[in-house]
């Protein structure tokens, strides 16, 4: 994943790559991200873990094209990123649903922005709501849903874009532990089902390892990619895998990297 | 801990005990807690873990005397609880500091409520702020502190009461993973230092086990104490203990109880 | 299609200017092909400006205002005198300690509005005092304030007009006036218009004033009919019977011309009042009355069959 | 739902202001110039909108050479401030009583709501009848129409305290008086001040409208007089004095708000923080 | 920066609680007792009848002005139609200007000082000036109403547009939404609740504006009728008019609440349920 450490992807497989990517804010005084090099393989699930302010969100926003790097370059599907693009879709810690739209209408938002939704689009949206387990709540408004359900709607909206690269910025960070664990399991299933490439930001080491093919450990001041750890646990993964010895070795490894640097 | 399962405390050692405690809300339509029996030993650290709505907060509020049980009885230090009392002190998920008071003044609040704080009280408050690592922020206002620092102030305020029974309702639940882990370690050290008895509510299994002498696993609808698990890990506990085999066995045990019932 | 004549004046339809109500009740304005558009306004509105810029055809002005406007170069003519005696006056509590203008020296006198200051000043001047000999305070038009101020002795007298104390009398507060005789002979509430419009609007204006004069004539000959018409047209003034009656009786004589021709312009009176106004500072210069008094409509306004009007009024009273 | 408005910061260094406001001055000059020219060339009738230069000379006359405005200015200012003080005093007392005593709140509320839905302005003639022709009636109208926003905001602030904080006080065994003094009252301050700011504005409106209806002195009656004389320039110059009164009132309250509810703004917090540290150090020395 | 109506949930809540079944009898009882005392006081001569009309006379006045003489209808019609037209025009102006200024940072920067001045000026005080300048008639009355009621929608629209949620904006940008799409699908719907709060204030202000206009231009309207009555010392009828305004104020309050439920439906449990089932139907049928 991180180029200078180990290059593990054949050129054809790489969907997102960064070369010496750096980003500063406030006229160069805040270095949010420094010299990041990475290649992300098609269909892989990458977790970004690191303390607050280490540049995780910044990296995601760079990949999505919402902001431009100060130095270096990011390529997606072989073309440089220079603005938001259709093959990338993003999800945030807060559901950011529109209060005045039903779940279905919220899911349809990305389609509406690209034109008038067709019958097929609507059916697809309904299918996605079913996929996230909300078929009965298609016509409910956000205020009628619990926090976890709202995030499911946001997830369906993410998938409705049809993008094959999903950027998830602590998507379940505001939910309670049990709901979160549950949604993580679902997320894993859904991402596999739609065959997407995912970059997932979290503070939670267990969660990072549990979901990922690779865990990128980041450290702060300035934000850097400190280490990349391959997670070679077989899939599908039951929750109980978290108490296995291999899993805990990985946890130890990540924790060490975080503590050490 | 749970009487009908195993009685492990000699009478003299028990500081909090409950007998068939039940609590309903909304004129009996919502059963928040049913038939809880428990004895808590002096100086022990008890974690309550369970899904949302299983009655963890209700149990804490019953012990603190903020609400009265619908059935059964709770005794603290051998006398029945019938209202807030000086030997019990409580801390919440939100820091609930008063915005218009400095850290020091916030810590002094419990003393003020019992009378005019003396010089000694003030010095004690400063000492407590030092204990939680905030000696440099004694004259800062809450808005000038980070979330984690605010919780430390709340913790100092909790200790300022001089109560020897501490009730902690997800005290660090709103903080990010790393800050939380750090504060948990501190909490463990401080509680040991002041020799208090602690009841700690959390959603997080790892955290529950890491801190506790006993973990009470609760289940919902109606809220019940499902199982009590003794944590016989030696103290002091380093963070790395979380990846040990014994620890993960305990995690498995708790998870099973939660999933099974 | 009726011609609309807009009149800007201080009150809405009211007993105070009953000829209008009578003219409308008997259909005289209609007969002349005229619709009256009343623009009742607070006195803080510059009436003169309205006739200059064409917003209003006629403005009801005080002599002060008229002379001041002429002095300021306004191109206006006074064409009709609605009231030929000043309704203004200075009232004191009947049977109280103040019985003449001299008694007012050193006291506080209430003014109904800012405009009444000039009148009080003139009254004091005539009686050998000056406005500086009294304190003045603006009381406003609110009935209860006026009533309480004079009843409770907060002011020694009120400088206002007949309409203002009609309501007081109706509420059992007896008043006397101490107004100097000389001031009573003064045109009041005269109607002025843009001088350039005299010919252009001749036909409509003649009709308007004829209808007004007919109303005046009914007042002189059949007050009962007028009273009945007022009750129908402005019921809000009659909700309290005594107040309605008091007001009506107070204003009835004011609205009937003392000159031979109804509404005629009394040039000599206009001339004689000016030096006094000048000395009291109400106006800046004395003006030659021939420059603005224009009786070109008066003959036409009086050109009607009085017997016919009397009959119509009697018939109306019969019918209603 | 409650009333709030955010303060407009009034700080900044002189030089900074100069540079920052330069474009504003330029724009202002351009507008004034265009206005003057369009009136001078007859594009706009001067009866409707007087020339800026005429307004300027009216200002000079009223404020400098003759100085006639000041008496009226202070009368209106006094009416507004005294009216506000009375309105606020009654509002805060009633709000406190209502927050402490639930039955009282229930019996007062319907009347407060009736008072609120009645346009206060409509009471002008009656108020003048009741309170007479002096400053009393202006003060009374100002008090009546500034009452409601202050009452509602204070009550809301006192009643809608954070439940967690209330629970904290309960768990500490605090008495009702302590909960009021140490929690409810300080927690209500921000909303209360927001209410004060609105109340001050409405108090000024009350004073001016009452002056329109009847007054011997005051900027309201002065303005009526000028517009009656068709002296639009002087009338506008008088209007300016109302703006000045409005600004004085607003920023005085803003100043108080900033010091009393110090914990909302970083700079004030820092100052308070330093002050308390000093006090502590002084006490520690003793 | 947004301004909000001063009717708090606390108050409405208390009102609802206090008007509940058995309690309402108590309230009515208290009200009747007070009224009776007033009547008695007036009859016994404790209350000056000049100022305090008897309740029985007020009731009689209601009968007179509504039915026997029926003279109030004409004035009511005049006032209400004026208020509604002025409100619609004024708020259209306010919302339009607010959106324009909100989207254009340059205009916003240059407009700020003028907004501050406008905010500090008691806007209703411009009434005599406007009437003098624009002349007599509906136009100047409408201008006054528009002036007093454009401000709240203006400020609230502006703040609604400025304070659009950053995260949502980022979401829209990540979906490559155009400027118009952001405006139509995000900014405007998001601002609706705060705009509605402004509208409510505007309607109340419009009524006050109409009254002041009618105090000055006394041709018709409830304001002028109140003046006639106070001038004639007929306080009972003046009160009947004021209570009429109370009723209008209450209807405005309730009406705006209904409108808010209808337009900003997603804020209310009932509104959400209504729209939820409605959308389900429209989706299922075709």
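Some points to look at:
Per-chain residue numbering starts at 1, and chain names A, B, C, D and E are given in the order in which the chains are listed.
We adopt the following convention: contacts are C-beta pairs under 8 Å (C-beta built on N, C-alpha and C of every residue); 3 or more make two chains touch, one makes a residue touch a chain.
The shown structure was predicted, so the numbers you read here are calculated from the model rather than taken from an experiment.
The chains in contact with chain D and with chain E alike are C.
Chains D-E form the pair with the most C-beta pairs in contact.
Most remote from chain A, judged by the distance between CA-atom centroids, is C. Between chain B and chain D, the centres computed from C-alpha atoms are 48 Å apart.
Centres computed as Cα averages put chain B at a distance of 51 Å from chain E. A separation of 87 Å divides the Cα centre of chain B from that of chain C.
In chain D, the residues touching two or more other chains are 47, 125, 128-130, 212-213, 224, 227-228, 230. Within chain B, no positions touching two or more other chains are listed. Residue positions of chain E touching 2 or more other chains, listed in rising order: 50-51, 128, 131-132, 215-216, 227, 230, 235.
Screening every pair of chains for touch gives A-B, A-E, B-D, C-D, C-E, D-E. Every residue of chain D that touches chain E in the complex is listed here, in rising order: 1-6, 8, 23-24, 27, 47-49, 105-107, 109-110, 112-114, 116-126, 128-130, 148-149, 152-153, 155-156, 159-160, 195, 198, 201, 204-205, 208-209, 212-213, 220, 223-224, 227-228, 230, 232, 235-236, 239, 242-243, 246-247, 250.
Remark: chain C residues 6, 8, 10-12, 14, 38-42, 44-46, 49-50, 53, 55-56, 141-144, 147-148, 151, 167-168, 170-171, 235-237, 239-240, 243, 247 touch chain E in the complex. Within the complex formed with chain C, the residues of chain E that make contact are 48, 50-51, 61, 64-65, 68-69, 71, 128, 131-132, 135-137, 215-220, 224-225, 227-237. Those residues of chain E lying in contact with chain A across their complex are 165, 167-168, 170-177, 181, 185-186, 189-190, 192, 265-267, 272, 275-277, 279-280, 283. Contacts from chain D toward chain B in the complex involve residues 162, 164-165, 167-174, 178, 182-183, 186-187, 189, 262-264, 266, 269-270, 272-274, 276-277, 280.
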